[in-house]
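There's a structure below that I have some questions on.
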Amino acid sequence: MFKNENGKSVLLKMVKGIQENKAYLGEVDGLIGDGDHGMNMNKGFSVFEERFKDKEFSFADGLYELGNILFSEIGGSMGPIYGTIFMDAAEAGEDFDEIGRAELMTMLEAGLSGLQEIVEAKVGDKTLVDTLSPAVDALREERDFKSSLLEMKKAAEDGRDKTKDMMAKFGRSARLGERSRGVLDAGATSCCIILTTMADGIMEYL
Amino acid sequence: MFKNENGKSVLLKMVKGIQENKAYLGEVDGLIGDGDHGMNMNKGFSVFEERFKDKEFSFADGLYELGNILFSEIGGSMGPIYGTIFMDAAEAGEDFDEIGRAELMTMLEAGLSGLQEIVEAKVGDKTLVDTLSPAVDALREERDFKSSLLEMKKAAEDGRDKTKDMMAKFGRSARLGERSRGVLDAGATSCCIILTTMADGIMEYL
Amino acid sequence: MQRILNNPDNIVDEMLEGFLKTHKDIVSKTDNKRVVKARKIRDNKVGVVTGGGSGHKPAFIGYVGENMCDTAAVGEICSSPTAAAFLDAFKEADQGQGVACLYGNYSGDNMNVKMAVKMAKREGITVKTVVANDDVASAPKDQLEKRRGVAGEIFMWKAGGAKAALGGTLDEVIGAAQKAIDNTRSVGIGLTPCTLPAVGHPNFQIKEGTMEVGIGHHGEPGIEVCELETAKEMAKRMVDLVAADKPFEKGDEVAVLVSGLGATPVMELYVLYDEIDQLLEKRGIVTHRSYVGNYFTSLEMMGATLTIMKLDDELKELVDLPVETMGLTQK
Amino acid sequence: MQRILNNPDNIVDEMLEGFLKTHKDIVSKTDNKRVVKARKIRDNKVGVVTGGGSGHKPAFIGYVGENMCDTAAVGEICSSPTAAAFLDAFKEADQGQGVACLYGNYSGDNMNVKMAVKMAKREGITVKTVVANDDVASAPKDQLEKRRGVAGEIFMWKAGGAKAALGGTLDEVIGAAQKAIDNTRSVGIGLTPCTLPAVGHPNFQIKEGTMEVGIGHHGEPGIEVCELETAKEMAKRMVDLVAADKPFEKGDEVAVLVSGLGATPVMELYVLYDEIDQLLEKRGIVTHRSYVGNYFTSLEMMGATLTIMKLDDELKELVDLPVETMGLTQK
């Protein structure tokens, strides 16, 4: 189990993951989108870092603040999408003292279902749902927390990779139809980075 | 002696000389000016060709019409400059039936002094005066017409080449001061083409 | 990247400072630094709000002013404003008669507007929306709901803003704006890519000697890449695409807008418009009013868009109403 | 060359067709196809005429209209109009009160205007001239007569046009225009070269990562080439150059104009203006009015110019007078 109050280092690892991949995410988005995904994500995550790096906060509170910054200061598509995911996950987890497989599943599941209230995308539509949804599923099976986290990472990576052959149905790239195949989805890629760094950050405490 | 009425082929040779050097004159002007000299000259000379290629006209009349097109349809610096040179030369020569060294000198001298009424540039100021003025001087000495024309060509070429080391005093490039040295003057270059093709055109009748 | 910048991450806020200072007679700040408000707003009218990503100057804030939009929410470059900014824009524009939110069909804007409308409802403000989808190149005709909003949004704001200024109810304003966009079609041709300041290099390429037909305002690829054409040929291609879609036909009265994408010299836009006008005349389409200039741009992209709106008596009156904004002033 | 063109040799005539169609409420044709005339001209006033090469949109024809220029002579790209065009522009503008010809200091324009003024005199029309020389980068201060006219010409037209509209005599109009330009200083920074359509490639280069300080509107080299700076640094450099020259000092009231050179996104001009405004404020210089946009361009060049005019009561009144042209509309 991982203590909710140990959230800071996990959140900062997530921040670093996005910052280091700013250019890469921009490139991925540039191929079939408008190229700003790295920039938007980096800006939001860096504002969070700037504002909270000298504060202490729990995992759930950190997620909430990060989501709120994306939602109320960044906008774009990522504001409502990641804003909803993080804030809904945080609300589902704010009362946990300790977080294990079941608790993390509860949180991410809440994020996913919050997202599904605002977007219509399903698995297979070449969006970040293709990363998040299998990652949540990987947490459903009872396993020790560390194995679960490794499975979650694998599921997220597989989900991201599968977006490569898909045709985009939502977002900017949807207009490309067949021309959208052959490259990863930007949101699926950033979501994979987020879930991976989150898992790595938690594992440091296990 | 060359018959004034045989002017057409001489004028068309001058036109061809400018057309073939359109890009080159643009490059020369581009180095220390605004790069439009080839374009402006080509446009004016081509309008003349278009309008008069199916007509007959004397050397003096051809010069007048060409000058008038530059003056009243092209504008820029070349409109008043070449317009004045050609129209004043034409007026000085309209009554000649035959044109030899002395007559051509009279004509070009009139053109040069007309020009000097509207611009202040003297020999050494890096303008087309550096080509035209020595060319007129070359015609002053009594020689057979053909030798005179060859001398005129040589003087024009020398004059043009000398502009390379000069510092521009008038026109756009004057603002460059010392930075204007090292390249030919665009107007001196086009003026040399005009005088050379004019001489070549006349020599075909000698 | 040969650009005039400080830290690219702050460009939107810095731009707003300069914009508000320059146009202080037309617009003013609000408590939300990402919401700009018109100085002169008639009393007791329906609020008219827009918003969108930055980098499209004069869009979106350039259309805030008397008889057009009352407020605009401002996003990052090429990125939707936040739901919070849209909400504040609604609050600033609301005079108790309801608010018409007139914006373009992009997934970010759709999500943020939707959330803001919900939040506004909770605060007792009625917001209705019209989503511009005038770009014929962005989806086939049987999927109108997927099409992007591009320069046709200007006609939507003009019509909606005028209707509100003339005292229309919320439903009338929404009706006028919807009618405007339903009668509007656009298409763009891109000649060069554009560079997001924070990215530093273009995120797509247009090969020298080719052009991207149907390009979007963020460089979204269009219908086809073909060889660079003359202005006359481009005009024909654009008119053919746009006129066939509505369709615009003999006897129709229209408003025409030719916008540059940012870096194309305005001189060339007039050359293009002259060709377009000749083609419309040949088709018997009557131009009531035309606009040529940089009305809706994509940073420093080269190229142009054509927008045509079919007019009836109501739309004609709305288009003709005087307006004073940074992007469009009409007596 | 990614441009919208037919035969580049005809671009000016084609542009004029498109321009005249679009702005038929503001301008009209004349018998000389290279002379454009304002639709609304007050009776019995002094004529105000300008003219210059094409490729600087909105200059020059974009400043023809009520309370500004009555006519403009139109030249080829970057090339003076003919003397014949200037003469016809004088004739169209003359109402028996004389004509003020307000133009920029370029040798082609000087020659053609001089000849046209002589020809006009023979026809009984009195023409007096003011030659703009606001570009501080184009010659040292002791050779003011050699300096180029750049975006400061807009203030000269504004002042001269307003004076004429208010019923000033020819000498008063000339006096106001001269006062305006004498109190105006400009400087430009170029970031990319421009390409004349008929030439097909840039005729000079600006290396990526550098900028040409003091560039002219035809790409004429300036004072120095230095490393590309931030907007803040550019603003400082421009303000330092301009303010020292007049000089503009604490307590002075000024009008400020920041113009793009064609391809720089307008967003960035606002960023630059915001920095300039802060610097002026620090110096205690009071901005009465500011203009930011593409007011005087060089085809598709990137970069910007800064123009400052020192105001007295007369100039303030003249600058504030409403105006309606394609390039500048002011209520």
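For reference, chains read A, B, C and D in written order, and residue numbers begin at 1 within each chain.
By our rule, contacts are C-beta pairs under 8 Å (C-beta built on N, C-alpha and C of every residue); 3 or more make two chains touch, one makes a residue touch a chain.
Just so we're clear, the structure is a prediction, and the values are computed from it rather than from any experiment.
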| item | value |
| --- | --- |
| Partner chains that chain C and chain D have in common | none |
| Chain centre separation (chain A, chain D; CA means) in Å | 53 |
| Interchain centroid distance [CA atoms averaged], chain B/chain D, Å | 32 |
| Where chain A and chain B are represented by their mean Cα positions, the distance between them in whole Å | 74 |
| Shared interface positions of chain A, touching two or more other chains | none |
| Residues of chain C engaged with two or more neighbouring chains | none |
| Graph class of chain-chain contacts, one of line, ring, star, complete, other | line |
| Pairs of chains, among all present, that meet the touch criterion | A-C, B-D, C-D |
| Chain B - residues contacting chain D, complex | 26-27, 29-31, 34-36, 38-40, 43, 71-81, 118-119, 170-172, 174-176, 179 |
| Of chain C, residues touching chain D in the complex | 2-6, 11, 14-19, 21-22, 54-55, 57-58, 191-192, 206, 208, 211, 228, 230-232, 234, 262-275, 277, 290-292, 294, 297, 299-300, 302-304, 324, 329, 331 |
| Chain B-touching residues of chain D, taken from the complex the two chains share | 9, 53, 75-85, 106-108, 111-112, 114-115, 138-139, 146, 148, 196, 198-199, 203-204, 216, 218-221 |
